[in-house]
Amino acid sequence: MEGNICNNGRDEQEEMLSFDGVSYEDEKSVSLVDISFALYRGETLVVFGPENSGVDIICPLVAGLITEYDGDIYYRKYQIRDFNYLDRYDYRKGLGYLQRNYGLINNMSVEENIALPLKYHSQLSTREIADVVGTFISNLNLEHCRNLRPVDLRQSEALKTAYARSVIQNPDMLLVEHAMEGQCPINSLTFLKNLAMRTGDSDKTTLFVTFEPERFLDFASKFLMLYNGNVVFEGCREDFLRQDNPYLKQYLAMSLSGPMRIL
Amino acid sequence: MKLEKNELRVAVFIIIPTAILFLFIILKLGYSLASSTIDVYLKVDSISSIKKGTQVKIKGYPIGRVVEITPVYKPALHFLAVLRIQKDINLFEDCSAIIQNQNIIGDPVIELRNPEKKGELLSNGSVIEGLEHVNLEVILQDVHLLLTTVTDTIGLIKDISLESKGNLRNLVSNLASSAATFSSMLQSSQKDILAILTSFRETAKTMNDISEELKRHPIKFLFKKDKGE
Amino acid sequence: MNAQDSNILIALIRKILDVWGGFRDFFRFSSSIFSSFQSFKHLRFRSIYTIAINQTRFTGIDALPLIISIALLLGGTVIIQATKNFPKFGIEGFIGNLLVLIIARELGPLATAMIVVSRSGSAIAAEIATQKQNKELHALEVMGVNTILFIVFPRIMGSILAIFSLIIIFDIVAFFGGYIISLSTVFIPIDIFIESLLDSFSFEDLVITLMKSIIYGILIPLIASYYGFKPQSDFQIPIYVSRAVVRTLLILFVINAFISALFYF
């Protein structure tokens, strides 16, 4: 399938990410079959689908954590697989990745976790780093848990800490993987507010992978649904809302009857 | 604050052992912290017993150590060991140096001995000659010699004792015959002794009679003349 | 050759191949540390500074009570045996030699390394394994953080510093523990005792001690990290932690024997 969904006049914009006939299979039988799509600068794509549909492979493929696959994945026209050691290092440095379970470093406080990418990569002084981290902590209402370790945090606080860490270097592209699962709808509002501000920026590209696409309806520009490793729906916000795709319809209705076999 | 405390503790934890290590190196190199040492040279034929760091003592009291050993090729190969020793110990020129082992597993030490006739004081850069070299091998050789001598002496005593055994036997038999002679003499003189004793008894009786007579008639006894007078 | 013999032979060959494969895998892991130095120029030392400090504190300072106790006991034991079995006459001459021979050359570095393996080696393996299962390593990788440089390198630095200091502290405490015990049997003036130690401890011993602290400082966190990265699931963590400790100890004994044979044989 060609990734030309919902162009909205963005053809002349820079292509940030593209999947070109990507197929992948592993021993857990999670697979992708000939997937193609493109993501342009400023777009927000929500990739969703049921468990074992292949959605969980998308972010690791984009981040270059999986290198054994067929087809091509391009980041700004560069083949990710061809990156050498230092190219991959630079690429990941400029990529925000809010992963499932957040991956906070347990022996570091909230403040240290957020500051880590800057401490590791940036030329900023310790004081400047502290200022930047302080701003994020303040914006995300994390003042009260600044010095707490991840083990002492609530779900929403862990989510906000992980989000702050993933965007503290102001990356051009952000990958958000199953961020909202298990979150309190009220306490996660601060996170969503900050996320909306970011996705509203025409320069920032975001890719969401989720089981709950409707939670990103306010700031998503494109949707892509996978089932059994295949793309079964792709469209813009309006297409998503119309629900004229049987897979989408069954998914959103959470119905047992439909083209998808429920496990 | 917590980090600063950690940093401080870690710094102390690393600095103290490092300082001890440096102190050890300084002491090992033979530098006295008060810098009150002089360097003198010791001429040795062989360096089999001494090495850098070998202790220098006088009358068993440590006064310094060897800090360097340099070979001298002419006229014949010998070595100069630099002894860094305490300045406040009075050592005189013509003093002697003896290399000796403390014990089986101990390192050798250089024992300095002042000469009987005290001359000039030993100064920085002086050379000590006339080295008496006593090492473990020499001690072992001496011990071996001593043991050999002791073995010889024991053999000699054994020989002497074997030779004198016959003489002793003769002596004992002579003694036995002398005893027999003495016994027979005693036996043969037994009658004579009895006669002598009887004679003694008779004499005693006569003497008794005389004394009785004297007691009763002293004048008569004293002036008694033959009737013919 | 019957079927049972051939089965034993096959099992033996398989075991040898397993061990060989393990060594190859370990060397691959070790060489990845060298390859990770490619991104060393991008590494800001401040990001690993805290980890190195914490590692030094945990491996070194927190182990001090244990090290001091064991050093005192070992030093005392050596002297008790010496005064019991050697003649008391002239003991002041070789007590330094004895302590240097037994404590400084062999027991000090080895006992220190064993304590570090049992405390820090197991902790490093368990920590990395847990980090892996919590996807912390995954998070670091996607952040562009080199996990080898960020996790293994500061631990190696911390361990080298800690083991170096611990060996020196161990030796000193053991020497004076031995000295104090020896006072109960034979009086040796402290200056004579120190002189005797200084005489016996050569620069070669010093170099070997430093070399051991560096080798152990590198090997212990390296092997522990190698096994820390291994578990594929939570239940494998204790298995690999145990392996890390046992195999590190085995390798330490081999290396210690090798160094002693190389320098003193």
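Order of writing sets the chain letters: A, B and C. Residues in each chain are counted from 1.
Convention: contacts are C-beta pairs under 8 Å (C-beta built on N, C-alpha and C of every residue); 3 or more make two chains touch, one makes a residue touch a chain.
None of the values given here were measured: they were computed from a predicted structure.
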item	value
Per-chain Cα centre nearest the global Cα centre, belonging to chain	C
Chain located farthest away, centre of subunit C as origin (C-alpha)	B
Centre-of-Cα separation between subunit C and subunit A, whole angstrom	43
Between subunit B and subunit C, centroid-to-centroid distance (C-alpha), Å	53
Between subunit B and subunit A, distance of the C-alpha-averaged centres to the nearest whole Å	96
Touching two or more other chains - residue numbers and ranges from subunit C	50, 54
Subunit A partner contacts - residues on subunit C that touch it in the complex	35, 38-39, 42-44, 46-47, 50, 54, 127, 130-131, 134-136, 138-146, 150
Touching residues on subunit B, where the partner in the complex is subunit C	3, 6-7, 9-10, 13-14, 16-18, 20-21, 24-25, 27-28, 52-55, 62, 65, 102-103, 105-107
Contact footprint of subunit C on subunit A as seen in their complex	63, 65, 85-86, 89-95, 97, 99-107, 112, 116-117, 119-122, 126, 162, 165
Complex contact set, residues of subunit C against subunit B	50, 53-54, 56-57, 60-61, 64, 90, 93-94, 97-98, 161-162, 164-165, 168-169, 172, 192, 195, 198-203, 206
